[in-house]
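Common to both upcoming complexes is chain A, partnered first by chain B, then by chain C.
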Partner chain A sequence: MNLVFYLLAALTIGGGLAAVLLKHLVHCALATTVAFAGLAMLFLQLDAQFAGFAQILVYIGAVAILIVFAILLTRGSELPKDGVFSRSWFVGLVIAAGVFAVLGWAVLESMRALPQQTAVPAVTVHDIGIALVGRYVLPLEIVALLLTAATIGAVIVAMHEKERPR
Partner chain B sequence: MTGVTMGINSPLAGYLLVAALLFAIGLAGALVRRNAILVLIGIELMLNAANLNLIAFWRYGPHPEALTGMMFAIFSIAVAAAEAAVGLGLVIAIHRHTDTTDLDKMNRMKG
Partner chain C sequence: MATSPLFTELDQIFIILRDWLVGFLPAALRPAAGVVLCVIIIVCLFPGLFALTTVFERKGLGRIQNRLGPNRVGPFGFFQPIADGIKSLTKEDIVPFSANAVVHFLAPLSLVVAVFMEFAVLPMGRNMVLVDMDAGLLFFFAMSASTELSVFMAGWSSRNKYSLLGAMRAVAQMISYEVVLLLSSVAVVMITGSLSLSTIVAAQNSYTGIFPHWYIFTPWGLAGFVMYAIAATAETNRSPFDLPEGESELVAGYHTEYSGFKFALFFLGEYLAMFAISGLGTTLFLGGWSAPLSFLTFIPSWIWFFSKVMLSIFVFIWMRGTLPRLRQDQLMNFAWKFCLPFTLLDLMVTALWRFMGEGWLRWVVSTAILALAYVLMGRMGMRKEHFGPRRYRYAE
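Up next is the complex of A and B:
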């Protein structure tokens, strides 16, 4: 556990908390981007360079931009009159706290069985590419199909409908 | 509670705790907020926490050269991108229909 890990963890958790708690939707989107960036750097800290850069490309490059577009298209930058939190916010908070308590308890109780420092895995992007078109080629094809279907589906769902007589 | 007195000495445990906290924050966001876009942001945070777990277990697992955790995380990122595109498209479509993104007001299934 070094200083860099604590800094990145604080950045990620702070970004996540701000994304959930802030009032303005645009601020929430920016805080989400900060959390995504912190996670990407945590991936780099874990020697997973490919996943880290994929995280930056996909989440900061695509998902964050999509969220900003959705906020603009739904006029979400205006503050709602009756508060930003749901009527049943307390129940949700209790459920989330309970989930964190169970997960944290499980991690702390199993701490002694967890592995200590291990050697840095010698995995290059070349190995990942070979594995993607070798052992994992069928999931790769299915993901390609899924992404195509999702793109077409998102366009169809969000497309302007023809005016119907009411 | 021996873990607390020893302090967090296993690096994997630190990453797992960060992922658990991020998952709880995302869950709270999905359950507590009114706006549908914020609920989607919460779901994205939960997916990211799961990815962090996958990568951490890959890094500190016994066979990192098998690349299983890494591949799982990469495919999970791709599926999450598809989910975000369809989810935000749905939010925009519902906003066009009912002129609201408030989930408390979306209480009918008739168009």
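Up next is the complex of A and C:
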């Protein structure tokens, strides 16, 4: 743990908090992007080039754009008068804390289950590619099928909208 | 391959110069200083090239439109960019009253920074690459994808209907064509087996007789290059895909509300993106810094790289001068109904090429598949169109 890690962690957490606390929806979306960028840089700091760049490409290049598009197309960019915070924010906080606790516990447990690795594993993009089409080919295909189904679903929803006025 | 010492020195002149300059520093500082020096060169060189390109573009467009172009500032108007630079530096920086000041300020900066980052992985000559990353191609696309958000930020924060419409158009267009851009590059990765751009250039740097092994000289490479070029034109918002800033419809698109140096930054970012995407196309399909014929290798590698990039820029200018603008629905239909299926087919043909082994058979098979698909898809796409003499109701 060094200074860079703490700076990046602060950036990520700051971005995440801003995404929750800011009032304007587009600002929230942009703050989410900052959190995504912080995460990507954390990956890069761990020498995980592929994960880091894929994070930027997918999350900043596509997911963030999708979010802002959705906000603009649904007229959500106008500021509501009666505050932006939900009345059930406390329940949400409890659920989020619960999920975080479970995930943190799982991560800490996995550290005990796996033998301590002292050397940094040298994983190249080539290795990741081999693993994706070798050992993990079934999960990859299932995800691909799921995404294709989602795309077809989106197209069907859009088509339905178009035929209604007739 | 030329082996004379003079050739090697000329070829590596920038590397030698850098090492000589860095040699004055204590040994501990040398690697960092070398990187800083390269960054300074990139940050100075490409804006200089941008200034030159603006003159050539205005001159070239003038030539195409049968007029002279800029000819008052300096000999043949070549000092025009200096005048333009001074003008944009001294102009008032106007931020609209209802604009979102912070986002309005951040948009041009984040755009230019992201575009400059793209140059970090481009091999501009033998051994001339700033960071030789294992995942260089991925880095390039990650950076170019993050420019979309800057465009959106600029359009949204200006609080102007033209800006917002321009930004929406730009983002929709960039997302659609980014898919094609990525997939057409994947074909090269499939053949080379590497995401590192220097490896991709090295794989093309060999000759049969006098002819080079560039990927554009294979059926799948030619198809991929055409798709890449179309997508790159759309990605950089150049004509005929310049809908986001069509001045007859949207004033200036997402940078309508920018003035002074911020506008200059957008302008710079646009041209830098053009250089970067031409550089990537050169690297992927046109052999990067390798010479076009085997007996021309005595000319330094960096000259070849920059000539190829400038040639692509020339084609960009040429197209801008001669092609009309597309309509929004034509743009989207073209991306999703023609480019995307054709690029996917090209990927399959690439896989076929990879596994058919050496020999003439794979040339015939892949050319036949691609040509047939091109003709059939063109026929099907144009089936509903009515060509022939047109009647205009209000113009007779």
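One rule holds in what follows: the second predicted complex is superposed on the first by the 129 of 166 C-alpha atoms of A that agree within 3 Å, B and C clash if a C-alpha of one lies under 4 Å from a C-alpha of the other, contacts with A are read in each partner's own complex, and residues count from 1 in each chain.
We take it that a residue touches a chain if its C-beta (ideal position, glycine included) is under 8 Å from a C-beta of that chain, and two chains touch if they have at least 3 such contacts.
Only a predicted model underlies this, so the values are computations on that prediction, with no experimental measurement involved.
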A:Ala122 touches, of chain B and chain C: first, second, both or neither? first
Which of chain B and chain C A:Val107 touches, first, second, both or neither: first
Which of chain B and chain C A:Ala54 touches, first, second, both or neither: both
Touching partner for A:Ile67 - first (chain B), second (chain C), both, neither: first
Which of chain B and chain C A:Val26 touches, first, second, both or neither: second
Partner, of chain C and chain B, that touches more residues belonging to chain A: B
Chain A positions touched by chain B in one structure and by chain C in the second: 50, 54, 62, 69
Chain C partner contacts - residues on chain A that touch it in the complex: 26-27, 30, 33, 49-50, 53-54, 56-57, 60-62, 64-65, 68-69, 72, 77, 124-126
Interfacial residue positions of chain B with respect to chain A in the complex: 1-4, 6, 8-18, 20-35, 37-38, 40-42, 44-45, 48, 51-52, 55-56, 58-62, 64-65, 67, 70-71, 73-75, 77-86, 88-93, 95-96, 101-104
Touching residues on chain A, where the partner in the complex is chain B: 1, 5, 9, 12-13, 16-17, 19-20, 25, 28-29, 32, 35-36, 39, 42-43, 46-48, 50-51, 54-55, 58-59, 62-63, 66-67, 69-71, 73-74, 76, 80, 83-89, 91-93, 95-97, 99-100, 103-104, 107-109, 111-112, 114-118, 121-123, 127-128, 131-132, 136, 139, 143, 146-147, 149-151, 153-155, 157-158, 160-161
Chain A partner contacts - residues on chain C that touch it in the complex: 103, 133-135, 138-139, 141-143, 145-146, 148-149, 152-153, 156, 164, 168, 171, 175, 178, 193-195
